[in-house]
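Look at the two complexes coming up: subunit A is in both, with subunit B in one and subunit C in the other.
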Partner chain A sequence: MFMPIRLALALTFILTTPWAVLAEVQDESALDIQVREIAKTLRCTVCQTENIWESGAPLAQQMRGVVRDRLKMGHSPEDIKEYFLSRYGDYIMMQPPAHGVNWLLWAGPFILLLGGGLLLYKEVIGWVRRTPTPSTTPPTPLDEQARQRLERELES
Partner chain B sequence: MIIEIGHFSTIIALVLSVFGMASAALALKTRNPDWARSGRMAVTLIFVLLGIGMLALVYSFIVRDFSVLYVANNSNSNLPFFYTVSAVWGGHEGSLLLWVFILSVFSTLAVWLHWRTQPTIMPYLIGVECAIIFGFLCLIVFLSSPFERLLPIPLEGKDLNPLLQDPAMVMHPPMLYMGYVGFSIPFSFAMAALFSGRLGEEWIKVTQRWTTFAWMCLTTGILLGGYWAYYELGWGGYWGWDPVENASFMPWLVGTAYLHSVLVQEKRKMFKVWNLFLIIVTFSLSLIGTFLVRSGVLTSVHSFATDPERGLYILIFVGTIIGIAFGALILRSAKLKSQVELDSLISRESIFLFNNLFFLVAAATVFLGTLYPLILETFGGGKVTVGPPYYNAVFMPIALGLLFLMGIGPYIPWRKASVENLRKSFSIPLLAGAIMVALLAITGIRNLYALAGSYVVAFSGMAIVMDFSKVSQLYAQRNSSNIFKGCLAAFTANQRRYAAMLTHIGVLVLVIGIIASTIYQTEKVVSMKVGDEMSIGDYRMKLTNIHDVEGGNWKAEEGVFQVYEDETLLTELRPQKRIYNATQTPTTESAIYSINMGHIFLTMPEVSPEGVAVARGVLNPLILWVWGGGIIMGLGVILNILRPRKREE
Partner chain C sequence: MTKGSQLTLVLVLLGLFALFYQGLWGDPRHIPTVLIGTDAPMVEGPDVETGDLISLNQFKGKVILLNFWASWCYECKVEHESVLQLHKLFKDDPNFVMLGVNYQDKLPDAQQYLKEYGTTFAHMRDLHGQLAIDYGVYGVPETFVIDQQGKIRYKYVGPVTGHMYTKITQEIIAPLLKGKPISTPS
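For the complex of A and B:
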């Protein structure tokens, strides 16, 4: 398209729809997305197990602000995590770090599952071994009377 | 005056619960049936009296009698009528009263329903139910009474928490409590079996419908809670692994294990101790759940320590019941040692055992995660948070295992499965799973959980469909009717089994919904002026107006968003930022549009004085499958309960 036509079109558009001058398509910036990703890992300290992204509490809003400011200042997500950890301790993370006594929490379910599974398996095998095997002679065919009765039973 | 009548009735009910326990004991000692009859009368009267107590409280809410402390704390003159009734269980004291009232309803029903067929059980049933009622009534009467007066009488009430002013929250607590309390009936029968030494299969058969009903109520309650959280809390999710949610999930998990495990005892007369153990744990977890939620211990150890009376009482009460139950079980277990006969590792019996293992480990995981912060803090290990990332990582593999067992369990025969059995039943489902994964992989889905989940769902679904169609064909052939009549005949002839399979299908649908809506959720938050647009996924949203609206007891700023797909206008969404007048609490009201089985979910958490709105759009693909799956599960359970009685039952 020729430049003047484009320009004319654009001008008409702007002039005929006055609000269009102000209106624009809004989108998230890379910063917004980064803030969200970090905010989802941090706990709102005054809420009940809610992260600062999902929480509507004023404190959560402030903390989101802190995350945003620090990102703007050029801090890396790691720095920000360290910052919050140094101020609030492990409590601030949405999940406990996998060190020290917390291993119990992280590995506990799987130890239970494996241990329980093994125990159950051995027990079941033991039961199976102690159970006399049913005789292998083929069952005698049903006589007609029994067969009819069975049919009736199934029917009911 | 009215509230005093309620208070007085409740106190009499407390006295009668002692009388009920005493007459149960005397009925056992003297073997005089008159004592059992007076126990029955006591239970019935407790129900009537607690009914009067409930009505008195409801009445005080309806007339907005702010001289009643509980009403003043949970109501307001502008609270809509609908919510004045549900406000009865909007707070601590009222929900306890509701709990024990439901318990009295169930006890009365159970006593009258089973009176003729279970005469020997009755004294035990009456005794146990009265003991539980006694425990809760003591708490209500002495430590947290909803009947207390307030002086001077305030002109205005504090209002019901705005988040609870919602239809789903009206039904959520009663449903949940009906689930918790419903398990008390099989629990009481189990206790009767233990105390009386009549340890056969009878108590299980008699309580099977009770158990199923309780399970249905608990499931519905949990799902309603999720549904409420979804559209009321405004972050677009329905399950946050919140301690309160976990408290209701634990009894559900063990209750589900029990529901399956009793089938083995019914069929093969094995695992008696195990089933007793499971129902005791299930009901204990119902009580523990109530304790956790109601004692304040979850918010923090400190808030518990500063106001320890209630919490300590509930702890001791719950501890006593659990202690007695397990004590009785241990004392009896020697007598219960039955010869276990298992023909093969690959049998229905053993699959049920592994099912139980997975359910118990799942429950233990939730238990550990919920209590870990408390334990750590108590022992000076510092404060930690156990949030969704933990559960997602740890719980999902266990859930996948359960789904897999659900797929194979129903098609592995009792006693022993031959290789031929396995090949016939599972080769096509295995293939179906593989095809499903291949199809999804082609469409670009790479998430491991999504693929594994879809595999298991396709496998389990195909196994159910194959079995049902095969049996339906047999019925159609035999009756020489068409296949639809065959399906119907197959279903009605095996209603218990196929109703359960319908519930399994509901679970599969639910799981698909969960996978899609969690893993493939898209979310976008942008600041917009009137006239601005945002795009999310294939949709565009244009903010056309922000205006003020007013409801009965709130004011709000409402954003009007036009939603377009390409150039077609789909709908207008109107999310609100509300302020409730009485408490000045802000809430965000979401606006939802359903499309392609998913939701476009929109909230407007903030509006600045300059008119810049923060809009939060979330696309939740296939989320309707979550609720649809729940409905199918419920349908299956209802068909199970309503099945015609068979001779052997």
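For the complex of A and C:
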């Protein structure tokens, strides 16, 4: 007796479920992931070292909107990054493109580390060389007077 | 390692360190724009006062001054009188047009601002920030000058007052209206 009711309920569910909406939600989350991935690579130009995904600034919010709109229009992530680069220059990229003077940003820390390390090494070596080494000859034995004084002090 | 090469290394390291340190405190608004010499985006938006659509396309072939502003922006109030003065100076030239772009603002606030401080030229609304992003805007006020060929020729971040007013009127707009090259691109 309950079987037809269950069947009817199942059919009602299948027929009335907005599959298109569910599919759209699925698409939407895929879009969200793409927006997030691109937004994380773009700098919020009015914040301090924040990308537009993490920033709550109105400009960052609008930039996320532009990323979303362009993805919806079928632009590739490279096209979108290129668009922002053409508007704001290299500063917009969280990782500045490695060309021209930007190489300094990439190589600078390593140059500082290697150069600083080399200077430190030279300084340590020089310091070690200047420090007198302790004598390896055995100490002269105590004379009788000193030995007796030491014994007295140890006993007291 | 000789003394000379050690000194060179120290200087290089100090130079790099100073460069990075300065970069930490630099204002990104003063980074030279990449837009100079590029085609001005032909943006459009509703008029703040009438709601009619304003498009930059309507003004092709003219020298255009675009001024981004907002009612909440203190520096915009500071420059307002100068901006009106600038419009007064060139408004009779048929090859000049001046437009305000209202940025990140509420319509009633923008309308109230224009009513209170007065205006003599049209202002379009940047509804979703797209216009500002198209022009690589960091904040307000920012001013752009577009030449008769539709190329961005000048950008200034900050209030157009004092020597900047003189520079923009005498060294940028006046030569462009005469079809002369400008000496200071940005």
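Just so we're on the same page, the second predicted complex is superposed on the first by the 82 of 156 C-alpha atoms of A that agree within 3 Å, B and C clash if a C-alpha of one lies under 4 Å from a C-alpha of the other, contacts with A are read in each partner's own complex, and residues count from 1 in each chain.
Simple rule for what comes next: contacts are C-beta pairs under 8 Å (C-beta built on N, C-alpha and C of every residue); 3 or more make two chains touch, one makes a residue touch a chain.
The structure displayed is predicted, hence computed values, not measured ones.
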item	value
Which superposed partner A:E78 touches (first subunit B, second subunit C, both, neither)	neither
Touching partner for A:P96 - first (subunit B), second (subunit C), both, neither	first
Subunit B versus subunit C as contact partner of A:W106, first or second or both or neither	first
Subunit A residues touched - subunit C or subunit B, whichever exceeds	B
Which superposed partner A:D143 touches (first subunit B, second subunit C, both, neither)	neither
Partner chain in contact with A:R36 - subunit B first, subunit C second, else both or neither	first
Partner chain in contact with A:V124 - subunit B first, subunit C second, else both or neither	first
First, second, both or neither for A:E54, with subunit B first and subunit C second	first
Subunit B and subunit C contact sites that coincide on subunit A, given as residue numbers	89, 91, 108, 112, 116
Residues on subunit B engaged by subunit A in the complex (per definition of touch)	233-235, 237, 240-244, 298-299, 340-345, 350, 353-354, 357-358, 360-361, 364-365, 368-369, 372, 376, 381-390, 393-395, 397-398, 401, 493, 523-535, 586, 588, 605
Complex contact set, residues of subunit A against subunit B	19-20, 22-28, 32, 36, 41, 43, 48-51, 53-54, 56, 89-96, 101-102, 105-106, 108-110, 112-113, 116-117, 120-121, 124-125, 127-128, 131, 133-134, 154
Residue ranges of subunit C touching subunit A (in the complex, touch as defined)	1, 6, 9-10, 12-13, 16-17, 19-20, 28, 31-35, 38, 104, 128-130, 132-136, 138-139
Complex interface listing, subunit A residues touching subunit C	45-46, 58-59, 61-63, 65-66, 84-89, 91, 104, 108, 111-112, 115-116, 118-119, 122
